[in-house]
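Paired with subunit B in one complex and with subunit C in the other, subunit A is shared by the two complexes that follow.
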Partner chain A sequence: MAAKRLNLRKRYELLTRGMGWETTYQKMDDVFPYDTFEGIKITDWDKWEDPFRLTMDSYWKFQAEKEKKLYAIIDSFAQNNGQTNLSDASYLSAIKLFLTGVTPLEYGAHQGFAHLGRHFRGEGARVACQMQAIDELRHAQTQIHTISHYNKHFNGLHDPFYQFDRVWYLSVPKSFIEDAQSAGPFEFITSISFAFEYVLTNLLFVPFMSGAAYNGDMATTTFGFSAQSDESRHMTLGLEIIKFMLEQHEDNLPIIQGWIDKHFWRAYRLLALVSAMQDYMLTNSPMSWKEAWEVYFVENGGALFEDLGRYGLKMPKYHELATAESEHLSHQVWSVFCLLGNATGFHAFLPTEEKMDWLSEKYPDTFDKYYRPRFEYWAKQKAEGTFEYIKGLPQLCQVCQIPMIFTEVESDPMQLSFRDTKHNGDRYHFCSDGCKDIFENEPEKYTQAWLPVHQIFQGNCGGPTLEEVLEWYKFAPEDVSDYIGSQDHQRWQEWKGKDKDTPAKTEANG
Partner chain B sequence: MTINARDGYVDIVKDKVENFHGNQLVYVCWDDHLIFSAAQAFPLPPEMPFGALISEVMTPVFNLHPDFAKIDWPAVEWTVDGEKFSPDMEASLKDNGVDHKSLIRFKTPGLMGINGTRY
Partner chain C sequence: MSNKKNTAFIIVQDNEDARPIIEAIEQDNDGVIVQYQPGMVRMERAGSLIVKRETVEELIGREWDIQEMHLVLISIAGNVDEDDDKFELSWN
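And now, the complex of A and B:
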């Protein structure tokens, strides 16, 4: 007689509870050597509740269906020359930054979750991490496949993983994921699943996916939809792990609070790149960085921490500063890219008149007062042919590795923010109290930072001249510098039947 | 505080002064001239005279700004690592108290950036 088919709940239980055992030939601590040294106390792994009950067979089925749809749309996008329906080819700068800066993060997350999928003692948590590991690998792959179509027509998309390990601004995401990957498993999952995916992921998702939809990029929008249901599962995992750790033992609270403070600030600094993408690189922006911060962090994040307050958890340290910076962040970051645009693997460009009016409307207290004058000054210089890129290299923050461009927004927004400390006789510099605290809590980790500017000076990046460094980055001359006059721009003008000398301005930019 | 690691932690200092082939790192920031976005980093011999720092190192970078040509050098206010100081132009960086990863900041009274915007 055939066995009765088990219901979903029973199958899930067998998968996540029935497949583990108490080892006898080897000590459990030797089999799972990583899940105790961080000091997190777990008294009963069976209390782990995977809130998204998915057995392997249904997981494969869902994912296969999503893949089928995604690849059908990618194919039709390619066959119909979907790239010609973009709002403007300058929009691709955002995609270039995404492919080189974010796709390798997905791969790093895959590696991290694969490690956790082996090393957590509890089977339920292991299975959840194994699924997320596969998700992250799928995201990296499908992003590469989706964007590869643009690589046939545009520059700067040819070698994201090689560049991720070398390029000056890509050391920001690289150091972020490696910070998490080199931590213990509980810190890793707090960083990636909670601080990044739960608290901040919408701030990446909105500019990327809605931004793609607003700019005629149906391929990327489709990828976004394909990833969205995974992301909601990842967010649920992020919340579950925090609650699980907090419920297991009261001693876990101060450790977790420290990690949340640290990784909130790490992830927030990484998102500074996204703020520039959202406000400046997208031809048509669905919402401003400031608006997104208000909705997704101040409101949603505030409600989340209110809910977690019953465990004694507080809002991450320095969140008030992040909110104050939301008036300034994107403008400061895009200013740097404009003045170092001869060394970026995407094309920088000045905001159009329409874009500046949009920025004035979205940032009534700061854009006209602090930032519009510089863009108008450069526009005048470009018109006169006197514009020059900066010849020097910027001081970098030892922790977030972003050039130290941030200012004292709460007291004097035109005053750069400098922090420093000494460790074993050497001086270290930081952009903020948040980054300084992170260093001082674990100095041995950040004295090892591979700071791109210092590495150039140490002779490890191809040579001392800009040309040699760019060659070492595998940035071809056509990949860098202004969008106007670039091959991408010329090609776009030809497709659109426009004179290539007229400045880029889009009809869609209404 | 110190790091919590399972097998201890390898003590690596990536930016030891020995790694810069005889140079030391020096950062220079021109206050109220945010066009430069951040302090600028330079690898320099510790024996370089302070005057040469201005003429050979700072000038080619900072002369991007139209205010640079108008600087009244004797009136410039200097700090190194947060302390006010008056550089001796003939003396070396080292003898002026500028060491590895020092931050030099200078203010140019009367010059407040493009159209007074501190930019």
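And now, the complex of A and C:
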């Protein structure tokens, strides 16, 4: 007779306990050289427990099923020319930014977790990190496979990994993941699994993928939600590791609080790009950035930190400022892309009348007062043929690497926020107190930042002119500048049987 | 600012596989709020949320492994407590 199947708890225990051993040929500290220098004290790795208790056989079974479903949808999307059912081809700008800015992040997370899957001393933690390493690789691959269909029909999707290492706005996600990857394993997992995945990732994947569904992009919706099904496991890992470290030793608390403060702010600044995707790049947005922030940070983060309060952990520093900025963030970011649209690998475009009315409704206190006038002004200039892109290069923040575009939202929203500090006789510039604090805690790390604007001026990016820099980025002339009049736009008009020369109006908003 | 406190939530895909899970959650969680958004369904409740294997099995008329939920899960909030019979989310 077949033995009775073991219960979940027992199966998980057998997978993750007793598989390791105290090494004798080599010292344990030589076998695991990275998990002590950060100062995190672990007294009993056996206390580590993954609440999902996923065993390897279930993991492969469920992941295989997810893949089968996803690839069936990708095939049918391609066979049925799903790209023609989008709300508008301008929507693809969001997908271009996603492929060049987010997909390489997934790959970086894969590398980081593969490293942790080898270097944590506890077997339970190693198994969880190994699974996540495979998940992250799967995400990068499925995103590339899905979006490769769009690459057959639209520009700007041809070389995301090459561009990730060079392009001015892509240095924002690149510097974020490399900051985490170049830290120790406990800081890496606090950054990626907790600050990014648990506290903030819902803001990237949930409203954005729901937005893809709202804009007829079944392919992106499917890979997004398929990735997100792994994400629930990752978020749980993030919460568990924080609780585990805090329960192991009281000395861990100040170190962890410092990391949470730092990586919350780093990840939040990176999500500034997502705010623009959500409010401006999606033709139809299911939810504004501000609404998403309210639901997924204020509410969810509030509950999370109240729960963690029993360990003495506090809400991340400057979270109030991030909430105050939610009224302004997307408008400030998209304005800059509109002004530098001749140097972006996706098409920038001014918001339509319908979009501006939606923004007025979603941002009653700020959009009409501060931002609508500038978009209307640029629209008038474009109509008159007097619009000009910014010719100079912007000052970048030394830490988040975003141009200095944020303002003093709590006192004067029209005043640029500027901070600076001196280190070894050189002056460094920051967009916020959050970024300045991060620099001052680890100046040796951030003085080495590869800042795209500085690199251009130093002659390391193809040459002194915009054309040379764009060529070095592998941006073809048809990839950049306005959506209206672009090849993408022309192709869309032909598919839809519209006159090429009539300016596009986005169809039916909402 | 939101006044909501300690909201536990679970978000699943809006598809056939998820339907019995959504119905089971509605049955087993008094006061749960169910919101249909493009492509997804979000269920939230103050304090805690539970998915019971037995309820889902009754609805679909076959054995159901609680971990099958992974196939449709999008996001969660709360501390996870999972065993063979239930998947529970709660804030302390």
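In this section, the second predicted complex is superposed on the first by the 498 of 510 C-alpha atoms of A that agree within 3 Å, B and C clash if a C-alpha of one lies under 4 Å from a C-alpha of the other, contacts with A are read in each partner's own complex, and residues count from 1 in each chain.
We take it that a contact is a pair of C-beta atoms (placed from the backbone, for glycine too) under 8 Å apart; a residue touches a chain by one contact, two chains touch by 3 or more.
Just so it is clear, the structure is predicted and the values come from calculations on it, not from any experiment.
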item: First (subunit B), second (subunit C), both or neither touched by A:T447; value: first
item: Which of subunit B and subunit C A:I405 touches, first, second, both or neither; value: first
item: Partner chain in contact with A:T146 - subunit B first, subunit C second, else both or neither; value: neither
item: Touching partner for A:S330 - first (subunit B), second (subunit C), both, neither; value: neither
item: First (subunit B), second (subunit C), both or neither touched by A:G459; value: first
item: First, second, both or neither for A:L304, with subunit B first and subunit C second; value: second
item: Touched partner set for A:Q278, first subunit B, second subunit C, both or neither; value: neither
item: Touching residues on subunit C, where the partner in the complex is subunit A; value: 1-2, 4-9, 11, 13, 37-40, 65-68, 70-84, 91-92
item: Contact footprint of subunit B on subunit A as seen in their complex; value: 33-34, 37-39, 184, 332, 335-336, 339, 370, 373-374, 377, 388, 390-396, 403-405, 407, 414-416, 418, 420, 424, 426-429, 440-445, 447-451, 453-454, 457-459
item: Residues of subunit A touching subunit C in the complex; value: 7-9, 51-54, 58, 62, 65-66, 69, 202, 205-206, 209-214, 221, 225, 228-229, 231-233, 235-236, 239, 286-287, 294-295, 298-300, 302-304, 306-307, 310, 323
item: Residue ranges of subunit B in contact with subunit A within the complex; value: 1-6, 9, 11-16, 19-21, 23, 25, 27, 29, 31-32, 34-43, 60-61, 64, 81, 100-103, 114-115, 117-119
